[in-house]
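This report refers to the structure that appears directly beneath it.
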Amino acid sequence: MSVEIFTTVMTLASSLVLLAGIAILWRRSLPAYIHAFARQSFFIVVAVLVLAARERDRELVLVALLMFALKVVFMPAALRRVQRHVGADADVRPYVNTPVSLAIAGILTLVAYAVAQPVVALSHLPTRGGMPLALASVFVGLFIVASRRSALSQIVGFLVMENGIALLAVLATYGVPLIVELGVFLDVLLGFLVMQVFVYRIRDAFETTDVDRLRSLRH
Amino acid sequence: MFLLLMLAAYAAGAVTALALPPARGRRPAAACLALGALAGAVAGARVVITGQPVGWELPSSLPGLALLLELDPLGGFFLCLIGLVVLPAAIYAPDYLASPAAPDAAGGAHAADGGRVAGALTALFILSMSLVVAAGNVFTFLLCWEGMAVCSLLLVVGDGATEERRGAGRWYAGMAHAGFLLIAACLLLLAARTSGGAFADIRGASYGLGTGARNAMFLMALFGFGSKAGLVPLQGWLPRAHPAAPSHVSALMSGAMLKLGLYGFLRVVFDLLGGGPPWWGGLALALGIISALYGVLYALLERDLKRLLAYSSIENLGLIFMGAGLGLVFHGAGRGDLAALALLASLFHAFNHAAFKGLLFMGAGSVVRATGTRDLEAMGGLIKRMPWTAACTLVGAMAIAALPPLNGFASEWLLFQSLMAGVGVAGPLFAVAMAMSVGALALTGGLAAACFVKAFGITFLALPRGRAAAEAAESPRLMRLAMLIPAAACVLLGILAPSFGRFTAAALAAVPWLDPSSASFRLDAGFEVRDGFGRIAPAVLALLLLGSAAAAWGAVRLLASRRRRVGETWGCGRIGQTSRMEYTAAAFAEPLLRVFGDLLRPTRDLTIEFHPESKYFVRSIGYRTRVRAWLEEDLAGAIRRLLRPLGGSGRLIQSGSVHLYIAYVFAALLAFLLLARWM
Amino acid sequence: MIGAGGGATGLGAILVEVLQGLLALLLAPGIVGLVRFIKARLQGRRGAPPWQPYRELAKLFGKEMVVSRNASWIFGVAPYVVFASTLAVALLVPMLAAPLPIDRAGDLIVVVYLLLLGTFAIGLAGLDPGSAFGGMGSSRALTIAALAEPTIALAVFALAVPAGSTNLGRIVARAIEDPGGALSPGHLMALAALFIVMLAEAGRLPVDNPATHLELTMIHEAMILEYSGRSLALLEWAAFLKFFVFLSLLANLGLPWGVALNPGASAVLVAAAILIVKVALLAAAVAVLETRLAKLRLFRVPELLSVSFLLALLAITSSFLVE
Amino acid sequence: MRPFYCHNAPRSSLVMAKLFAKIWRTGIVTEPLSIEAGRTLDLARRIEDRTRRLLGRALAIRQVDAGSCNGCEIEIAALPNPIYDCERFGIHFVASPRHADLLLVTGPVTRNMEVPLRKTWEATPDPKLVVSIGDCAHDCGVFRGGYGVSGPVASVIPVDAHVPGCPPEPADILAGILKALDRLPEPGSRADSRTGSTASRR
Amino acid sequence: MLLIPLLGSPLLAAALSWLVRPYRRWVGIASASLSVATFVIAILLARRCLDGAAIVLGPMEFLRADSLSAVFALLVAGGACVSTVFGRSYLDRERSDGRLGEDRLRRFHALTNVFIFTMLLAVTAHNVGIMWVAVEATTIATAFLIGLERSEGAIEASWKYILIGSIGIALAFVGTVLGYFDFVARVGPTDGALNWSVLVRVADRLDPDIMRLSFVFVLIGYGTKAGLAPMHTWLPDAHSEAPAPISAMMSGALLPVALYAVLRWKAVTDACVGDGFTDHMLMIIGALSVAVAAALLVRQAHYKRMLAYSSVEHVGLACLGFGFGPAGLPAALLHLLSHAAAKSTVFLLSGEILHRYRTTRVSGVSGLLKTMPLAGGLFLAGILGLLGLPPFGLFLSEFLLIRAGFAAGYPRLTGFVLLMVLLIFISLLGHVSRMLYGSPPEAIHRGDLPAARYVPIALSLAILVILGLVIPGPLASLLRSAVEVVYG
């Protein structure tokens, strides 16, 4: 694989990852959110596999497999199950409406470019073009968490953010050391599970997953 | 040597109070404190007399945290002052605390632990006061300063059973801490250039500071120490805290602790900052005058005996700061000799105030213990039931009213003389200020006399105004002994004023830039100021007075009729005399309330109820007048109003919305990213 | 230490002092009698002879003393304190010779505070028996005393600074040596201020009417309403003495000539004669003034005192701030 | 009259000059005390020598209205005025019985005033005198037997002298007091006559 | 070798509590004893690290403890020790009240010990990534602990905590990745590339722009966990809803652990970027935290929230200390140590108060000193300590902090902070005085726990007093070498 093609593929994958994240902003149902997240994870897995193939790095293959199992298969499935249990809640009345959300996503992407500019400047890696996009998906994930009402969509947003970070790690450094990677996976998994448990608890206690109702603790 | 003995004794006092059950522990603890007071006074006096500082250091493993004691003559002087208050207060405390009747003792003595903690706190309070004046570096000073504030705060609040005590605690805590932070900022700014923050190093390092920094430090020192000394506008805590504390603690606070405000001011502004432009002194002088007048006016109107004394403390601290400010003016004008004179007045008055205010608070404590109330309008006639207390209090009242030949007069005379010396020293503006100050000082003196005629007269004279007062009993022997000590001090300090003045002058030798040995004053058997500008000989005056009185008495004995008959008080032939016919404290102050009505802004409320049949028949008349300490209350209100939007903005921040919270994270991230790019 | 400096030393000085004290004591009632006499004549009455106050004192000393059973020892001691403090003032004020050695024992400020001592004592005594009148009197007396203080202090200030001393002997001696200073506007205004304060402090019209027998308008009388016999005599005498001391102080500050600078026997005798004349003239002036004036309402007294304060302030301004 | 510090100083000084001119023109108006004009004086008891010596030349009077119709008061109030000028005899009125040597009691003693009168008497230091003024003080006059009347003065406190009349003239009262002290001026003596320049100016 | 027992004993305790079924009383005792043991080991560790030595363990120097780690290990182990030992009273009572079933009790013990373990791991991990993992793990461990009571408030608090905490920590991972990227790009991939010692050693070869970026992410990320404003928002909720022993540990130990991470990165960034950058960042965020805490304390109506905001204040102060340079660092470390001692004390006692008065509102509590004289007295002492009054340790550390601030040349900022501290002082004291004094409610039970139960609290207060009067020599040298660790 030549460097040019590799670069193009990686940038394309990064763009797809970002687009999958942004897709959440215009979709209106939780299953669609989950689907978009699964797709985003899948693009990352693809990117990691491409990278692994190019670098002939077994560790990366392992990471890709883990990621596939976790983020493409397990987590979306778990999310769907939770969503079935707690109900759709027709949540998806976001704080910020769709056009504005998309505009903000655009601005965030620009900000990500501006912020990542020294990183891109320093890097000699062929993957450097994707790094601002990865950062942008971190921002978009953050934006989803901040603007969506349902606890489940917040989880999705958080996972989108995680994906962005994972992509950033892959693009910037061809993967952090394995032990760290494993620890991160474990943490993300546990964190996801804990959040899932709390979604049930919120549902039980408040009869909704609208976290906007969680406002009794203040001042 | 004596310094360590003092520390050991105070520490032992604290331990004793804490370890032994209160009933058995009070006297041994008091003995420890008394011993410590004596040791401290001896240590201080030795340093003053020999002029040789003594020191002791507990080095620290981190720089600047050493516990460094260095007692120089100025500190020694104040140690003597503390000893003068502590000794009687220690003797006074056991019996006072043992009595269940005294409502203000209850806070400490009758808390759940039986007053153990209060006893230990008292000892620690005294200990930290003594260490403040011996502190040789910034850390030790601040540690002891704040320790003193904490101990006294807890003593003021006591068991916090009444809203009065809690409110007093809030006021005191806030103002003391505000003052502390100002002082800490000032000292730490001063110490910023030194490694360890020792005063000795700061002295050398402070000269290179810029004018703005020095001015800022001066203002911080003035208001920081002023808040401890109760200078207007930082006086609000004083009339609340002093009455709430047990009386011997009030005596300690008012007699000794307030003076440390002066000590700190002198230490920082004269010693460490090395003085400044005349306006520094002018500001201190102005605050002093305002405080003096404010204090005495409110004291005059007060009907709570201990609050009255507290307001009077504001007055006296005002006088003391007048002296200090004047010294600063003189110093700024390059007249070290006159500055020494003014500071002599200030220090002397500080010492005197320690004697008589300690005495008066203990007297008030005895009264409160006997009657169970602090309300002047419920007292009266106590002189017959409590002759010792009355006599001692009378000495204190006369001394605080600056009547010759007692000690208060000697220092006020010095203050008059220093004010008069201010003419033509620092320009016409200051000359006018001096003239006004002389007037204000004299007015203060006159009002103080009126105030203490009222305080003593309403408390001790005439008929009892309530049952408690009618059934009051004299205090136990130890309490009487305790009151006799400062009473004797008031007399002796007055008559032997020149000798004590020499001692004070020796203490001033520690303050650089002063010239106490110069021609500004001479002390032999009398005071002589500025080469004969003013001279008095208190001992001769005392002889003169005694001689005149004795001559009059002798002549009357010899020549006049000796017939004496006891009858009723003349009341236009009314059937019986009751205490309701007596002049009350409020009535006593009424004329002056009218005169100063614009300042005091009394609210008057007159309700007349007419007979329903005819408006020419009056059924009842109600007259109610109240003087509000509006300066204090309005200031507190203004601060509260300033704080409200802050609290409101806090509520906006923490709205409970998790989305908003995440937006904060986001915003902070973006803001810092931008900051990082362009910083 | 008293011996050093000053114009006189030793025994002679003490003799002069004793003479001065006796003179003041003995003359004081007469001067008040003189004022009453002149006032009577101005009112178209014959009046009592000027020596009538001596008769009254003698009578009072001979009478029984009735003491309230509510009163304490304060009541008994106060007259002596008042008397002694006033007598001490009489000794400190230079009447015959200046400066005397005793001048070093106390200055004008001492004089002010000794008088305050008397007011303090009588104020307490007024409260002691528990009568409403006494309390009223002491309240008023102390109010007026307090308000008079600033004026006195400023007057002292105005007199002392040009003379270079607060000690009376020095001031008087300086005035004799430098007559121009004594006639300067500052000096005169200070004296005028002192004069007004004197009226207030000595309980004269328009501040207090010494002849009133209406309790509600009393000040000094109200406080001593309970006193009788020898105590009353002492208090009255002290009041006479105070008046006399004020008059002689004013006389010697305003017209210092005649005061002996070196107290030889003849000079002192001449000084005594001149003093009597000066004081008598002043007393006459007071009498004339009192004939002309009505008593002020109590709450207008502060206004009067503020006028005197202003005078004193002007005195200061003109005496050394304008220089 | 306005106090001297009023703003209109020039006018004030003019008024003052006029006032003193008038005083000068008027001169002394005090009349000699004429004993013949008075009626008899009723001496109740002999006064001790010591009392006379002590009080004879300086007498302080406390007047007590024990229930009078105020007729006597009007006459008493004339005593200090320039015409009668009791002060020339060393007599003056005081505000407190503590200061007084003589109680001048008027009126029948009403029930309300019985105790106060006694208290006033008790409050007066010895030696002291009591002079009752007017007929009512002697025998209750027209008020005798009234339900509010307690009795004559002498029934409450010992009376040293009595001045009869309803009301007595001021000169009588003055004469009565002096009589009580046994120091009625000889005709032509200094205190009594109008001699000297002031009289001639009249 | 000390590191194995240090990390092992909480793990052992966790395993015991999880595995022993049914729950036995001795498990609690064992757990408490093991936490004491951990504390002792932490002390031994600190002794070993006094003179700048570092203890290393495992492949690729997996664990490494130097003096800076030792300070934080002391803090964590100490806080844990007091909380678990005193926490037994809490648990006994909750159990006897039937509010805590066996299942949850087991979970409580297990998770608490895991929590302690993760904190200790975070401060001893040599690898930045592992440290990140450990800090993230604390979130997971504590989320359930906060929600132990399953009240609505607890659920809400846990949700906010876990969401905000996870996001923050994710941002910190971005920073970590960026730092690693910088390292790899400039130095090339090496073994132990994410190890502290290596990062610091090669820091001068790193790219400053990226390190700045990385530090911002790290600061915001770990700052979220540390409760720095404006990311502090979860903190009052979590601290007020968690059981008292957990609040105590979170406030006293967890927040400093997050700050530890920032501090480690600061050392690297400083070595690369040069002084000033991180200092300014830390000062801004520290001052902001103090100000926000002040604003929220003025009218605070809940006492546990009040304590939580006080934590925000103190973390902010510590941050300022970090920003004040080499003189401020020991002050900040001392501040954190003292704060841990004081804050665990008051949080534990607040649990007692809550149990007795059944309300978290300040207005619902009165006459504490009468109801529970001993506990009330200790609470008062702890609060006075928190307010920075002598003779407690925070006085000394705040003294050093202010001194450092002035010496570093920031008089205005320091003045501003002092003003805020004054506001906090007044507000806090006002609230607390309302609780302590006055007359207690009618029907309230009076009396303390047995005095022996208060021994751990008394001991921690005693430590606080010692820290306020004399800094023991060994501690001083530990701090000195910690300063060397950060500033080279």
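We just call them A, B, C, D and E in the order they show up, numbering each chain from 1.
One rule holds in what follows: a residue touches a chain if its C-beta (ideal position, glycine included) is under 8 Å from a C-beta of that chain, and two chains touch if they have at least 3 such contacts.
Just so we're clear, the structure is a prediction, and the values are computed from it rather than from any experiment.
Asker: Go through the assembly and pull out the chains touching subunit B as well as subunit E.
Answerer: A
Asker: Going by the touch criterion at the top, tell me which pair is linked by more C-beta contacts: B-D or C-D.
Answerer: C-D
Asker: Roughly how far is subunit A from subunit C, going centre to centre by Cα mean, in whole Å?
Answerer: One centre to the other, that is 100 Å.
Asker: How many Å are there between the centre of subunit C and the centre of subunit E, using C-alpha atoms for each centre?
Answerer: Subunit C and subunit E have C-alpha centres separated by 77 Å.
Asker: In whole angstrom, how far does the Cα centroid of subunit B sit from the Cα centroid of subunit C?
Answerer: Once rounded, the distance between the two centres reads 35 Å.
Asker: Could you state the distance in Å from the CA-based centre of subunit D to that of subunit E?
Answerer: 96
Asker: Show the residues in subunit C shared as contacts by 2 or more other chains, in ascending order.
Answerer: Only 62-66, 225-226, 229 qualify.
Asker: Two-or-more-chain contact residues of subunit A, please, as numbers and ranges.
Answerer: Touching at least two other chains: 115, 142, 145, 154, 211, 214, 216-217, 219.
Asker: Find every residue in subunit E that makes contact with two or more other chains and list them.
Answerer: Those would be 159-160, 163, 167, 171, 213, 236, 296, 299.
Asker: For this structure, enumerate the chain pairs that meet the touch criterion.
Answerer: Final set of chain pairs in contact is A-B, A-E, B-C, B-D, B-E, C-D.
Asker: Under the touch definition given earlier, write down the residues of subunit A that touch subunit B in their complex.
Answerer: Touch residues, subunit A against subunit B: 95, 111, 114-115, 139, 142-143, 145-147, 149, 154, 211-212, 214-219.
Asker: Residue numbers of subunit D touching subunit C in their complex, please.
Answerer: Touching subunit C: residues 1, 3-5, 16, 19-20, 23, 26-30, 54-55, 57-58, 60, 81-82, 85, 87-90, 92-96, 98-99, 101, 123-127, 191, 194, 198 of subunit D.
Asker: Under the touch definition given earlier, write down the residues of subunit D that touch subunit B in their complex.
Answerer: 96-98, 113, 115-117, 119-120, 122-123, 125-126
Asker: Can you tell me which positions in subunit E touch subunit A when the two form their complex?
Answerer: 127, 129-130, 132-133, 136-137, 139-140, 143-144, 147, 150, 152-153, 155-160, 162-163, 166-167, 170-171, 173-174, 176-178, 180-182, 184-186, 193-194, 207, 209-210, 213, 236-237, 240-241, 296, 299-301, 305
Asker: Which part of subunit E faces subunit B closely enough to touch in the complex?
Answerer: By the definition above, subunit E touches subunit B via 159-160, 163-164, 167-168, 171, 212-213, 215-217, 219-220, 223-224, 230-231, 233-234, 236, 277, 280-281, 284-285, 292, 294-299, 330, 369-370, 373, 377, 384, 387, 389-391, 395-396, 399-400, 402-403, 406-407, 411, 414-415, 418-419, 421-423, 425-426, 429-430, 433-434, 436-439, 469-473, 475-477, 479.
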